[in-house]
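Below you'll find the structure I mean.
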């Protein structure tokens, strides 16, 4: 029931917000904030409730209700450690997103916060859905409001970006939907029960060739979302044009849904095909790591630059996923969380700078340390995070990923490790261009306001905390990950009667 | 005492008429003549019905033919009304002048 | 009594200092900033003495103080703990770091007095000391890597401390990026170590190294070389040495602490730490030795040509670290560490003194514009001289002599050694003496060119004097075998570092010492002859085109910068620039463009002409009938 | 004619009677308002009359009609469309110079024709229904004769429709010649027994031409845009829905009867038509600036989608088809409703330009239109998605992967122009449309109510379609 509450609180908040918006411009943001905080508290209680006694079963909570029985579609939500982490992330970033839009958004606040909350609801749903139809449903629910968010509140080139984002994701999503239907019918034919239920479908036995095609259906959707080279080109535009909160949520959450989908669906549903495709996928990942980094170096638009760094970081994620061992997968989970924080922070900073200098062009910046030492030091922290400095969360993530990948494919690691160098190159370029060097503009720019300080402090503390005490996160994800690894090993012994989830 | 003309032959004739009608519709630019050609096609199919009916010795063919005639009449009447309007507005009956909507 | 529960204080104090200064430093008075900044290090030094003293006094063989603070992270069979461990090797480093660090901090309180970002400076310095301490105290490679990257960050921050100057920023970026290359390789090295040893805990690796790896097997060699690569980056050895000279853009105390005494020797520490792995691979050791030798020669020759006093010192640092690597390469572990310590004293001293000079000459770096300071700045002169003789390794009376002579001797006689290495080292000694003399003469003798501002105060001179004393007398704790054979230092290290294996039937040690001494004196004479007695000769040499070209070549640091610029930087930037608007995007724009074209094409069919539509109908009918009759 | 026959055909009777009644009302010189309300009432009655035939299904009337649950459902759908069109008509026609009254007579007749098609079980009835529908439409399309566009549209439609009817008739004749019967049942028997005969195939081909024209599938689609644009908006809505619905029903009934799915020739033709329609339709709409034409092209694509559900010929086909029609009708009406309300005496609101900033001026209307667009694009939360889902399951269930993939890819293209409409609505800050008329608050109110009901239905079908799916799955056709 609580899981449903998580979604409903957001959706209800959205409706209330849009109604209140008619009345007064300032109500919606308060309502949105309250909704997100409530959600966050709920998740925390859920987490605290389960604590680390997660170990016995992978699943912590489960809610199932008939939805469209005539097609075997159920409204089935369930949460395990992985989902829990990502849910916590969702609401945490949700709060920050509301806070950072606090003054930025002045027009049509009602509709704005409606979309914001609606996106969060969709994301939360994606992280919980245990019915493939429902999953696709939420998958799409995220898109429309994000489309509005970019298309209405974005900057100059917003309409193009909105189209690009929507069509990319929708097209790939539809292909995934075809794959889902294919799976649905195969399972139906074999067992006679036609259902979209995850726990039933996950044990479907699929002839390899079919499995390959169906997997590609899923993969393309997730690869576009993640994004994996060469499906990444929507990302810079979307990030670049979206309002700050939009970029934050895109980078922090929507990208993660892609990785989550791979972990939750692709790997368990098509083990053989995944093993077959592991090396090519990892190579794509590495290409993404390097390509993204090089692109990031060449950009002059700060938000585009950060967007390409995401491409690079997400390259690590897919590489890690297909390494298919516990180390790498734990690293991936870690990466999902930390990347959300670090990149999110960089986007927030870009937004704050834009509010002050009215530009995203880093050539126009420079020497901003002296007027804004606080922002400077925070910016430095997150630049260091994105280049994977030990002591910050991202290092743990990337180290684990590379360590795991090394067990699987040493040479891939060697190639990926070059990402460490490139990341240093672009991260230092960010710091150098923005904060160091002589002042370009002489107008006075104020340092962080208390609200901004609060946001950034929250992010900084969490990224440092994750860098020094990542164990809670790892323990929370552990059952899900170990279960997954165990399942893959079982598949190695090529006996299909093994079931993935109890 | 009936002369035995096989239905196939008659249908063939009908087919020829039908083709004739099509050609007419395509090559004529004057709306009135186009309507006329359409009428020819309709009557061709009517003829085909009659032939078919006679083949099976059923009245249905003729019945259909009557319906077709009625429908053709209705069509023509509306058609002429429209044609009047067109002439009223365009001062010509050349169908190629009616291309205001396209793309 | 066991003091190991206080171990954490040593790094914690600087860290605390960093936090205080970083968070509220802006609102603190300079005195307070100075107190916190320098005080934290002094305290940490104090704790080091206490703990170290306890450690030594209560020391049976191979005791190690370890203190586990918490488990960093633990996944599957991998586990990394935050554990500090103090053994004799790390004790030497901790001592150097905290002691010299404290002196340099005290010096800085005066040196940076005028600077706007007083607090930021000390915050970064404290953070550096913390990271460096973590580096040397870490009991596992991952924690060491944390410190390793941490010092890199601080070096970046401090090189670029005066960030308004674009050149400083670039120097900082260069330093970080170049070392990062080494670090990436080192990371891969860690992965290999873990894959083969199943742990990253140094002591475990050391204990089982011979079990895990076949001696001289490919894997152990690769592992060793990957780790070495990290060391080369940090210690500015070939081929990653190019960043250190530019790093002189930072304030002089920074150069003294980071780029002379401590951080740049991290590579030496790493190799010494992992000597068990290197011991297993002839090839790796040979590579270390060769790199060391090549570096010391190359950097020495470059130092001969520089006119910026700090750049001279920078290149001499590279060259001296080259000696240490040479020692490590030939298996003279203790000698390397010994030279590290001595070098830390005199090189820190030289940098601080140079800083004092530059300060009072209104930020004049050019030695040719100095001169005649002998009488004007006596304290600085005498201390600088002490450092210089140690650097030049003047026989018997300088600490440098004892440490370097040991290396020269081992570079032939140790089982890894060879006449060639020794010859190179010897040449290096000559060159060192030469450029040191040149530096002395240009700076202190002759007539002065620049008016002198205020002289350094107590807070600056006291550290100089202390360091001067050390760099003269510290050598006596380790005397050669043939006279005195007083081996306190190496004995002290033997719990961790093994005896140096020697070759049989080698010529007597006296001979080597004689040659070494001669080389030094010869070098001094050369410098004296060309720069003091016959400066005209220099001018005549300038006429020789070949020499000039050679001079230019050396001056540019053997054109490494230009080479890397052409080979790596420019191609990278070029590729990045041309592909700024993502080529892959063309694919999708192409698709959308294609559909657009198809739209145009099709919308032409909607001509609005009735007869055209009828044609369409008819064609459709024909198609349908066609399909039906075909099938 | 037995009592049951009478009952079973009650809806048709009511419609026929209604047309006569309205004529009388016109003779009695009653006001537009009265007539509008009266016809509204009559539609409701006709709809209600469906209820009392529920328990007697399926019921055969002579050899001409077969009133089964599927037919009844289609009739309901068609009458419903007539009703909605009727509601929208008042505001639209009241301002026009022409007397709007006769319009309702024709509306009833067309509805009647469509209904007859839906239950016809015999060539004669099918032909009659079709012609009642078509001839009525000639007049309706050209109703606003002062506008030359509507005249042009009228004449184009007339000539082409007659032309295609000729094909249909000739095809029928050939089939009749081959089989010797005109009732579907008889034909089914013949086809089942005898082996494949040339005339039959060719005849079916000709018939496909005729029906394809009415359905506006490629390559018989070219008239669509012009007619949609030229006709009065409510009439366009009617063409888009009721007329196509009737034809689809008849086609499906005929195919099921003669089991046309089994002939791979026909299947090949259908597949070709479906693919062509999906691709061409979506491409034609890509950059269309006139929203009526845009909807016309999108309707071509949607008929293509419908064929994807049609071709497999499995048992679920009637369900899928009827459900898809339901969703499609609802969506189309929502869209055209908005256009109707925004239209003015002088011109229809057909230029996409005029929809700029609608979001900020008339949030309700804009919202409804966007929901409709999302539904047409098949985005979840809307009926369109459920419909598409049903279609895809039907197609994939029989392994028609090619069709499914084409559907998906082409609908991606479709996405672009649906989004364009929405984007236009929130782009810019000032709108070019005058305020909606405050003059007919009652009818404006009614229309808005209907629109909101439709929108609600769209979302309801998108979120919780199970009830309706249950109903649809109950349908079968004899």
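For the reader, a short list of remarks on this structure follows.
Letters A, B, C and D name the chains as they come in the text, with residue numbers starting at 1 for each one.
We adopt the following convention: contacts are C-beta pairs under 8 Å (C-beta built on N, C-alpha and C of every residue); 3 or more make two chains touch, one makes a residue touch a chain.
Only a predicted model underlies this, so the values are computations on that prediction, with no experimental measurement involved.
Across A-C and A-D, it is A-C that has more C-beta pairs touching. The most distant chain from chain A is B, comparing centres defined as mean Cα coordinates. With centres defined as mean CA coordinates, chain C is found 38 Å away from chain A. Centre-to-centre spacing of chain A and chain D amounts to 43 Å, using the average Cα coordinate of each chain. Between chain C and chain D the centroid-to-centroid distance comes to 79 Å (mean Cα coordinates, whole Å).
The geometric centre of chain A is 66 Å away from that of chain B, both derived from CA atoms.
Shown for chain D are the residues in touch with two or more other chains, namely 155-156, 159, 163, 225-226, 288. Not a single residue in chain A touches at least two other chains.
Looking at chain B, residues 25, 34, 95, 98, 100-103 sit in touch with two or more other chains. Chain pairs that touch one another, listed by label: A-C, A-D, B-C, B-D, C-D.
Of all residues in chain B, only 7, 11, 14-15, 18, 21, 25, 31, 34-35, 38, 41-42, 44-46, 48-49, 51-53, 55-56, 58, 60-61, 63-64, 67-68, 71-72, 74-75, 78-79, 82-83, 85-86, 89-90, 95, 98, 100-103 touch chain D in the complex they form. The touching residues of chain A, when paired with chain D in their complex, are 67-71, 108, 136-137, 140-141, 143-144, 147-148, 151-152, 159, 162-163, 166-167, 170-171, 174-175, 177-178, 181-182, 184-185. For chain C in complex with chain A, the touching residues are 22, 26, 70-76, 78, 82, 120, 142, 145-146, 148-150, 153, 156-157, 160, 163-164, 166, 169-170, 172-173, 176-177, 180-181, 183-185, 187-188, 191-192, 194-195, 572-573, 575-577, 579-580, 582, 584-585, 587-588. On the chain D side of its complex with chain B, the touching residues are 123-124, 127-128, 131, 135, 138-139, 142, 145, 148-149, 151-156, 158-159, 162-163, 165-166, 169-170, 172-174, 176-177, 180-182, 199, 225-226, 229-230, 288, 293.
Residues 603, 606-611, 614-615, 618 of chain C are the ones touching chain B in the complex.
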